[in-house]
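Heads up, the next two complexes both have chain A, just with different partners, chain B and then chain C.
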Partner chain A sequence: MKKEIIRRSPVAFNMRPVKEERRGHWVVALEYENEGDGPHLVDLSHCIRWDLQDSDPNGDRGKWKPLGIPVPEQPGGCIIKNGVMINRMNNTQAAIWHLSGEEAEMPPETAYTDVTDATAFLALTGEKTFAIAEKLTALDLSDLDGTPPFLIQGPFVHVPCQIVVMANGAEQPGILLTCSRGYAHDMVAAILEAGKAFNLRPAGEAAFKRWLEQLK
Partner chain B sequence: MNRINPLETFRIRPSQKVSIRYGRKSYQGVAGDTIATLLYANGVRIFSRSLKYHRPRGLYSLDGECSNTMMQVNDMPNVRVENTPARDGMEVVAQNVAGKTADIDPMAFMDNLSFAMPAGFYYRTLHKPAKIWPLAIKNIRKAAGLGVMNPDFRMPGHFDEIYPTTDVCVIGGGPAGMTAALSAAEHGLRVILLENRPWLGGVFDYRPTAYEGDIPLYRRAWELAEKVETTPNIRSFTHTAVVGNYNDHLVTAFQRGDKTDPFDERYIEIRARSLVIATGCIERPLLFENNDRPGIMQVGCAHRLARTWGLLPGKRAVFSIGDDLGLEAAVDLADLGLEIACVADTRQDGQDESLTDALAQRDIPFYRGWMATEAHGGKRLKGVILGPVTGIRRQTFDCNLLVASAGQTPLTSLLSMRQVKLRYDHHTGFFLPDNPPDGIHPAGRMLGLQDSVEIEISGRLAGMAAAADCGINMDKEIETIKTRMDAFPGPVRGAKVVSAAVKGKKTFICFDEDTTLKNVDQAMAYGFDVPELIKRFTSAGTGPGQGGIPGHNLPLYVAQTQQSPDTEPRPTTVRAPLVPTLLATYAGSQHDMSKRTALHDSQEATGGKMERIGVWNRIRRFSEDVNARAEINNVRSNVGMLDASTLGKFRIHGPDALKALQRVYVSNMEKMIDGKIKYSAMCNEDGCIIDDGVVVKRGDNDYYFTTSTGRAGQTVEWIRFHTRYDGWNFNLVNLTDAYGVINLAGPNARKVLEKITAADVSNGAFPYIGYREFMIADSIPARAMRLGFVGELSYEFHVPASYMQALWDILEEAGQEFGVQNFGLEAQSTLRLEKGHLIIGSESEQRTTLHDVGLGFLWNRKPSAKTVGAVALEDTEKQKGRLKLVGIKMADAALPTPRDGSIIVDTKIRGYVCTARFSDTLNEPVGMVLVEDELSKIDTQFNIYEDDCNGRLITAKVADMPFYDPDGKRMKM
Partner chain C sequence: MSFIITCPICGPRNAYEFGFGGEDKGPRPDEEALSPGDWCDYVHMNQCVAGVAREWWIHRSGCGVWFTTSRDTTRNLEVQVETMEKGPNPPLEKE
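Up next is the complex of A and B:
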């Protein structure tokens, strides 16, 4: 028996991508038709995510350095390096997100767990990001005191989420969010509905990477 | 009615016409009209009929302070037409009348029966004898009430919601609110400004009075509004009514959308660090006989009709007012063409002399210390009797407009909601806040200020104080502005008169509830001596106007007239919503969030009947047969596949992981064997079973375990909670969504599995209760368990959720030759019932212990683990009188299957049926029941009562479990 094995994202937009790429068992949507200038909703569920838990991720003189990157010292802190983002969630836990979308080998230590399939991973980017988000959450994503990127954990459309505010300036703000995979369908529907008035459209990974690039 | 010549203050666009229907006629207005102003422009004066007496009611406040202008619009009742913009094609119908308009009302005779309806009459009279009460109340409700809702009515429109966070929230978009917002925003803070009217400006918006130099107030309002609107860190929400103010500066409001907005109405919930309340004042209604006649309106209403909508409110007017705003309106309206018969002012002195001079210049008679005592006319006002406040003389004036107001009263509801004590101030006649809580800053006219510049400065001061709340050092600036404030006159002396010297039979203190002064007097005569009680007994202030009109008049009147020596007025309590809000607005976007498994779409596409179970959508069955017999038979004879992805799945790792497992599982988890699964259960502190599942050891200090679907969301917190004092080092990862689960079950299951994996899955290599990890189709990493929940050779494959559809397709293709078919929860439930396996929650309840369901053998008595529930398990192990779980069959196999939940009875209830199904396999009904222990012995018979059994009970008997394959050979084959 030889059947093509495909890994499926929990996110399905109501349109077919015009450009896609096979990456391992994933088929990654690079571009959708009429993406426009944003705001954009991008499915990043194929990006590898790891959970790192230890009684003290910063203990033992910085014991945990996933892919050579130190774990942020304070909960809520985020570090991005070489396309990898590390979010410190609490005293004992950090999330590691591979924003590059490339495959990566998980370190062998038992402290790591592959949680790629545990969540849907979305990026909401563009000028109206916070106008859309405030329809869906009471979390203060546009807090001017916070220096992006920073992590907020709390309800987004009533669902517990990890949200990283990547940029909160007026021009090209954006957030990344993960929620339980099972909620992906309703989460995407809610975000697209909230964004309808702002011309929010699904976009492919390429649009996300362009946006990420201009943040640098 | 022709509009007056265009003024700069107009908010209408006369070139754009708008047409609506009222009654059987079309009425034309212009863009910018509200429904009320459009109808008023066309001569409509009666907008509604009152609640009890069906008295005609007209335009009174223009700000929705009472139910006078509630009408049915496009089938929706109780729309406040005075602040609802008119839109082309609207269908407007009068409510609480027999006809389509409010002009003629056959129930108007009720007005003559008011003598028979004193305060609280139905509480006191209509319960003797008690049996007439239901009939009486039914008919009273039928006769009263505002508007009728068609049960088939579907709410049109789009309702949205937003939850913004801000540094400073300013409530009130008048001059004080705008300057407060600008002041706070100057320091880089995020500011939200909320204004009830569709535009900013407040009390400046329509007034031509000079601000400073020659600038009229309305131009100053524009100037401030422009600054606000162009300041990037101020978000202003107009046409937004604030409905609540709660702890931690949580403010709730709703905004009406205009044509350009993507919503019709939206709910706004704001979290702020500091609040400025600059809600200003409303007019305190003047109380006199027949004060509700159409043609009687408040000062602001008359003035704004002309200045904002270009409508002269009448032809010949009498003014009976109590403050300078009334005088100012009289002068301005006279200049705009209104004939004014006279102006009466309740104040003997204290008027702005320039205004009284202006009246004299226009030959308008001015009466100091006079007021309206009685209005004449029925459907339209015909005249008014004026007299001195002392009530000695009377003089009649013909008029069709009476502009009446006792003066101003502050809008303090938002302060009251935060438990701010309001103290009656004898200088202003206002209820003023005593020591507002930290982070709340009242400003503007609500403090009794009248000077325009001073109002603005008070706003500026409040904005600075709010900025200080946000951590900005404002000490110097605040000191400077306070010094500047000192140069102004401060709060002005207010009018104290509440009511004319009348008997009060038709002097309405509350329009909504038709409550008169006489009713209030009656309530006091019955001993209700405080406004809170009088409010309840007379209903004053409990109508849709939320106390807007009776507002502060009720406590003032009570204080002036009651016998008690303690005459200090006390305002009544206000509660949210301060302004009536559509339920649709509260419902908002209605995001109903539920979870889907990775197979949701494909399962549904193959005929799966989806059901919402907890947070998940799950397939109940795959055919119309509610018993899913084909699915059951296929599992028993061939092989079936079930999507079991909703099971809770967790990883626990770390040096103390085993200790944590020992704490929450009742079994001895130290006895786990590599390559084998361990079934166990969790209990709560009472020894009651709350969960069951399997645990496997995957490495040193590294375990994978499952929970029931319903408990998955609480498991991490449960384990953390019960180990919180131990300081153990372990980590938990919730993998519920990360892994999907397929249950492959049936005698052909191994044959299917052998086709898709290179691993040895023979009975010897992978026996019953074995655990293996292998690749499927060389690509899919699977954690495989041999379980027997449905009583057949059975495998559970736990694979990363993204592979689930691929695995399902592979299994389906491989299983084709072996008759593989889907099965759903219904089939699973019957299959496991036949096998005597329980589902926590179906065969257990809150008080069911581990022993009660026959799982006591799982319990490890080793005390060192301090297992949750161990003490209770020991106590209840041999306890008598408990409900025990037993299997049942019918006394006669031909009897029908009892329904789940049916009760077991003799002379009392002895238990109930947990689950029962007709078993095709066994050709008879079987079930599990929780029954009192003395009835739990094998072959004991009892009767089952069902809702519609008409006295015919079904007899069942306790039977041995499992019903199917008692030796378990099929699971182990």
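Up next is the complex of A and C:
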């Protein structure tokens, strides 16, 4: 008998979603009860993530164009196109995140590695995002000199994270962060605890997509 | 006690984000005519400078890049060194 493959997010909120759907081998939470207007913490761990490593990701004059999107030239740079984000981590490495949540086939080159199951992927969105983040990291995510989206790498809740600041304006700021899968449980607990005073609530993918849409 | 280290990619950060990679001893010696003693010196012997030393660091909690920087070991502070003076520590003087 053929066994069904089930992929599980490392993130578990202390409540059941009111709307969910099966997508590929994932069960994706679309909506939670009493989500409110934000701030929101969204589990995006089902979104496909690839790692691209090469001695020079911009080598051969744009050799690497994942899904036709050029890798940013400078570390810290981010590009979003067609629901895909590419962020450049250092001189040899870039991350590719499928924010749309849709399935995608990885390019065949050996420079790519699927790291979806290796990390937890979270979005923290809403007006008080930076007030919450300030309690959890010494990194200055609200750096007004940076033009979002931009990547910051460093400790968040003392855990090495890749953090993309998507918007740092006053109205609807938000960040995306990935960390090693094993930290997911404690990472979520720490963020929710820090956000209690700001009415931070878990939210489903639908809330994230609404927020992403209004950024355009 | 912590101090600030400047990552070439991420900028100035708390030293707790970094890992120490040892003294900068220059390029790996040419293996032709390399005696076991010289190799042992290169791998294991350090200058332990009381003053400004050139060292390897890795931004372990950040971008993961290896780089060299100068640190005043008597004050445990990163120091800026003029470009002309940059480079590995001089080789050990043999008795």
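Everything that follows uses one rule, which is that the second predicted complex is superposed on the first by the 211 of 216 C-alpha atoms of A that agree within 3 Å, B and C clash if a C-alpha of one lies under 4 Å from a C-alpha of the other, contacts with A are read in each partner's own complex, and residues count from 1 in each chain.
FYI, contacts are C-beta pairs under 8 Å (C-beta built on N, C-alpha and C of every residue); 3 or more make two chains touch, one makes a residue touch a chain.
Keep in mind that what you see is a predicted model, and the values were worked out from it rather than measured.
In the superposed pair of complexes, A:Asp43 makes contact with neither chain B nor chain C.
Looking at the superposition, the partner that touches the larger set of chain A residues, chain B or chain C, turns out to be B.
By the touch criterion defined above, A:Ala138 lies against chain B and chain C together after alignment on the C-alpha atoms of chain A. After overlaying the two complexes on the shared chain, residue contacts for A:Glu205 are found with neither chain B nor chain C. When the shared chain is aligned, chain C comes close enough to touch A:Pro75, but chain B does not. When both complexes are overlaid on chain A, the residue A:Met89 reaches chain C alone and has no touch with chain B.
Look at A:Val115: by the touch rule set out above, it reaches chain B but stays clear of chain C.
In the superposition on chain A, the residues of chain A contacting both chain B and chain C are 93, 138. Chain A contributes residues 75-76, 89-91, 93, 138, 152-155, 160 to its touches with chain C in the complex. Residues 1, 3, 5-10, 12, 25-26, 45, 51, 53-55, 92-93, 110-111, 113-119, 134-140, 142-144, 157-159, 170, 180-187, 190, 193-194, 196-197 of chain A touch chain B in their complex. If you check the complex, the residues on chain B that touch chain A are 160-165, 188, 190, 232, 262-263, 269, 271, 589, 591-598, 600-601, 615-616, 651, 653-654, 699, 701-702, 729, 731-739, 755-756, 777, 779-780, 800-806, 809-810, 813-814. Chain contact summary for the complex, chain C toward chain A: residues 9-10, 13-14, 17, 59-65.
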